[in-house]
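Sharing a structure, written as structure tokens. Questions coming.
Chain IDs A, B, C and D follow the sequence of writing; residue 1 opens each chain.
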Amino acid sequence: MGNFKGHALPGSFFLLFGLWWSVKYPLKYVCRKNKSACYLGSRAGFQRLEFVEGIIKAVFALIGMVAEQFVPDGPHLKLYNYEEKHWDHLMNWQHATMYLFYGISGLVDIVAHGTNALPVAMDRMMLSLAVFIEGFLFCYHLHGRAMLDIHVHQLLLFAIFGAAVCIFLEVFFRGSIVLEMLRTSLCILQGSWFWQIGFVLYPPNGSPEWNQTDHTNMMFLTMCYCWHYAFAFLILAVNYTITTWPIASVEKGKHSSSTLLTA
Amino acid sequence: MGNFKGHALPGSFFLLFGLWWSVKYPLKYVCRKNKSACYLGSRAGFQRLEFVEGIIKAVFALIGMVAEQFVPDGPHLKLYNYEEKHWDHLMNWQHATMYLFYGISGLVDIVAHGTNALPVAMDRMMLSLAVFIEGFLFCYHLHGRAMLDIHVHQLLLFAIFGAAVCIFLEVFFRGSIVLEMLRTSLCILQGSWFWQIGFVLYPPNGSPEWNQTDHTNMMFLTMCYCWHYAFAFLILAVNYTITTWPIASVEKGKHSSSTLLTA
Amino acid sequence: MGNFKGHALPGSFFLLFGLWWSVKYPLKYVCRKNKSACYLGSRAGFQRLEFVEGIIKAVFALIGMVAEQFVPDGPHLKLYNYEEKHWDHLMNWQHATMYLFYGISGLVDIVAHGTNALPVAMDRMMLSLAVFIEGFLFCYHLHGRAMLDIHVHQLLLFAIFGAAVCIFLEVFFRGSIVLEMLRTSLCILQGSWFWQIGFVLYPPNGSPEWNQTDHTNMMFLTMCYCWHYAFAFLILAVNYTITTWPIASVEKGKHSSSTLLTA
Amino acid sequence: MGNFKGHALPGSFFLLFGLWWSVKYPLKYVCRKNKSACYLGSRAGFQRLEFVEGIIKAVFALIGMVAEQFVPDGPHLKLYNYEEKHWDHLMNWQHATMYLFYGISGLVDIVAHGTNALPVAMDRMMLSLAVFIEGFLFCYHLHGRAMLDIHVHQLLLFAIFGAAVCIFLEVFFRGSIVLEMLRTSLCILQGSWFWQIGFVLYPPNGSPEWNQTDHTNMMFLTMCYCWHYAFAFLILAVNYTITTWPIASVEKGKHSSSTLLTA
């Protein structure tokens, strides 16, 4: 994963999920408020969406695990090199472990929303754990790297642990639109910051490398992280408007027409 | 911002908001309790106040951002100095970023209280994030400064992160007078401590500078911080009394007169 | 305060409050459960108790502040020594500041329970802040002391911050017997640990001093701290039994006699 | 305890409790949902189970304490060696202290579920404290050991403090199946990790020792910890299925037969 693609790929996954959530949750919220205007807005429909989301999550995680194992310079399921007496490709194994927990979270989604054997709130707890494990492994991942490298990954940890806490709160405050928006914004932030890390540490197209020991670079990146977050909120605002506008105006139209009729 | 004015200005903003809140929230509380005695106390009136607050917040943030960019020794929107190959005026850019999030919080206030498109609780979440981002940027702001300088800014962080947590709790316990008073006290503390930082690091009127490496100075300032907080509660108590006294006594008067009439 | 008495005195105050609470809260709990058996158990009676508690707290705090200022080697309200250009008796000032916040908490108790001008939950918030400020000042109190000295004070911080969090939770879960018992146990722990600190750092009766740099001393004291906590729970259990036994048996007696009558 | 057995024994206790909980809580959940299909599922039955659990916990803790004191190289209740002037067998005393708090937790369980003198929520608070004290003593236990030794014990702390927080939350959200499953998973994790520590630090059967200073060993063990957790969830899933399947299908059978009858 130590190259540009290795950061762009997971970044794209997180962006994808973030963007999808930035459409789904406003839609769900506006449907709950204006029940008559919503054709998809039945509870069953949204439950089926969560089921499909679980399948996609599980499939992505499976692909991720297989890819980490069987890329040309991957471990091919070999964990310990007995000849040279050292662990083999630990990085790939760690990434596969991260994917594993997202896979478990996907499976729990499928069972919780496809059958009624499991309590529904388990999906949030497993997702929270999957995100926490991602952050946990990142924490012990950075030993002995350069200052700037550590810094950009530490910034990522804020988004990761913030999301883990936020999702854990959702176990108790399920369906709170505020927490769902917060989670969505942190997910988009994580996705776009993965891309940023790729650009900073492995500049594509032969741009010159960043100076890893310059303190002003660190200060700029801290600020840049905040801009990414502001940008995530911009995306959220745009998608929120696009999603809720038509339904709200349909509802308004109905109200005014029914007012006309009764008048 | 590295001068006396640069600390007095944001300090005044926080003091202004703190003082205003120390009038508004007791008023709201006493109006909710004694409904008959309150002419302004309608829900709509307080919602309009929040709307106006949002506008003022957004305007202040805009002025702050413009000022940080276009002061004589500011960056004038130039982020990177290509000739000398270094980042330009990063401090000013960081301060502008802090203002940016307060601006976003103001915009969310305007939309959440001016229309009914957004869930109302979003205003607290964005304010909490804005305060958190302020603290987050301060954390990475202090590299390589003198001991006393770092210490007075670290003390500030208690007020900032305390406020961020308190406001986040308000998402779930909205309208809790206890949390609102706590937030108000932390806001006044932040404002008055900004002034104190100005006096310590950039003593006006040619007073001698503080010894930056004397440990007893640090101990005094820690204690002084607590006195500022006690002072914030004094202000809160005075404003609370002034605000709630007339309404409570009007209410009492009515009660006794209605008791007379029915007697 | 740097002597045996200076630790035994505050320790006694905390023990006193802890022991009182270990009687009061079980009594309140059992009265709420068995309403008929309780003559004191009216809500008004317990509110009057909280009022009296506030007065005692405020008086103790005032005495503490005056004592810290006017003991023979105290600062006598002098904060800065202008001749020798250094801060005067900062330790005493810091302790007085701690007492100040307990005094404010006492005042808030008096107003909240004596009038109905203040929301009742403010008493818990101010107490939580007073305890937090105590811990906050302790944190910056320990610079440059010996290892064992720092360690025993750090252990104290667990009880202090634990109590602060517990009391803050009581703002939202007021009257939860579990939180009240937890607070009581932490208060007794704090009191008895103050005495222990006195015995360790300033052994009375000319016992030999503890070796401040021996690591096994540190390990023993950590364990000893846990024993103090177990002891606090023993006291709590004894007082709980003594307090609730008579009322519960009166209640039982009534039940059986009324069963006899109806039979 | 510094040998393989000393880690396998507590590990087995935690595994035992974890496995038992992984049967009990799903059973309780499915019984609450399908009331008619459950013969054991009466509230009284489950309360009696908690009572028995308390007895077992208290007995185990007593055995643990006695064993730590009276093993051949134990302290035999001697705390201080007056001849050689040093503390005696502090490790054993610390372990006995850990068991002491689990014993107190067991006693509280017995009283809270056997009589109605104590509020029921006290059992969770005492268990939370017992787990916290275990973690607290572990924190000050690791001074001066080798890097890998410290690391594997630090990993354990995540499971311990995670469980303490989770159980404390159960005071307020009692009976939440999500928190109960989380606690169960962390308990299994703790148990299996104790075994892993035994294998790493004291390899039985004369296998070669692990290199205590190799950083890749640390990285592998961090990942291995996550695998243990995934394994804990696998066990949980299997037991959940085995436990809830028969009752759910009985319930279904009844439904369909009653549908047949009414048809």
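The criterion applied here is as follows: contacts are C-beta pairs under 8 Å (C-beta built on N, C-alpha and C of every residue); 3 or more make two chains touch, one makes a residue touch a chain.
Only a predicted model underlies this, so the values are computations on that prediction, with no experimental measurement involved.
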- Message: Measuring between Cα centroids, which chain is at the maximum distance from chain A?
- Response: C
- Type of chain C:chain D copy interface by residue overlap (half), same or different: different
- Per the C-alpha centroid definition, the whole-Å distance linking chain B and chain C comes out as 32
- Measure off the straight-line distance from the CA centroid of chain A to the CA centroid of chain C, and report it in whole Å. 45
- Task: Please list all residues of chain B that touch 2 or more other chains.
- Result: none
- Message: Show me the residue ranges of chain D that touch chain C in the complex, using the header's touch definition.
- Response: 86-87, 90, 93-94, 97, 100-101, 104, 117-119, 121-122, 125, 133, 136-137, 140-141, 143-144, 171-172
- Contact footprint of chain D on chain C as seen in their complex: 29, 158, 173, 176-178, 181-182, 215-220, 222-223, 226-227, 229-230, 233, 240-241, 244, 248
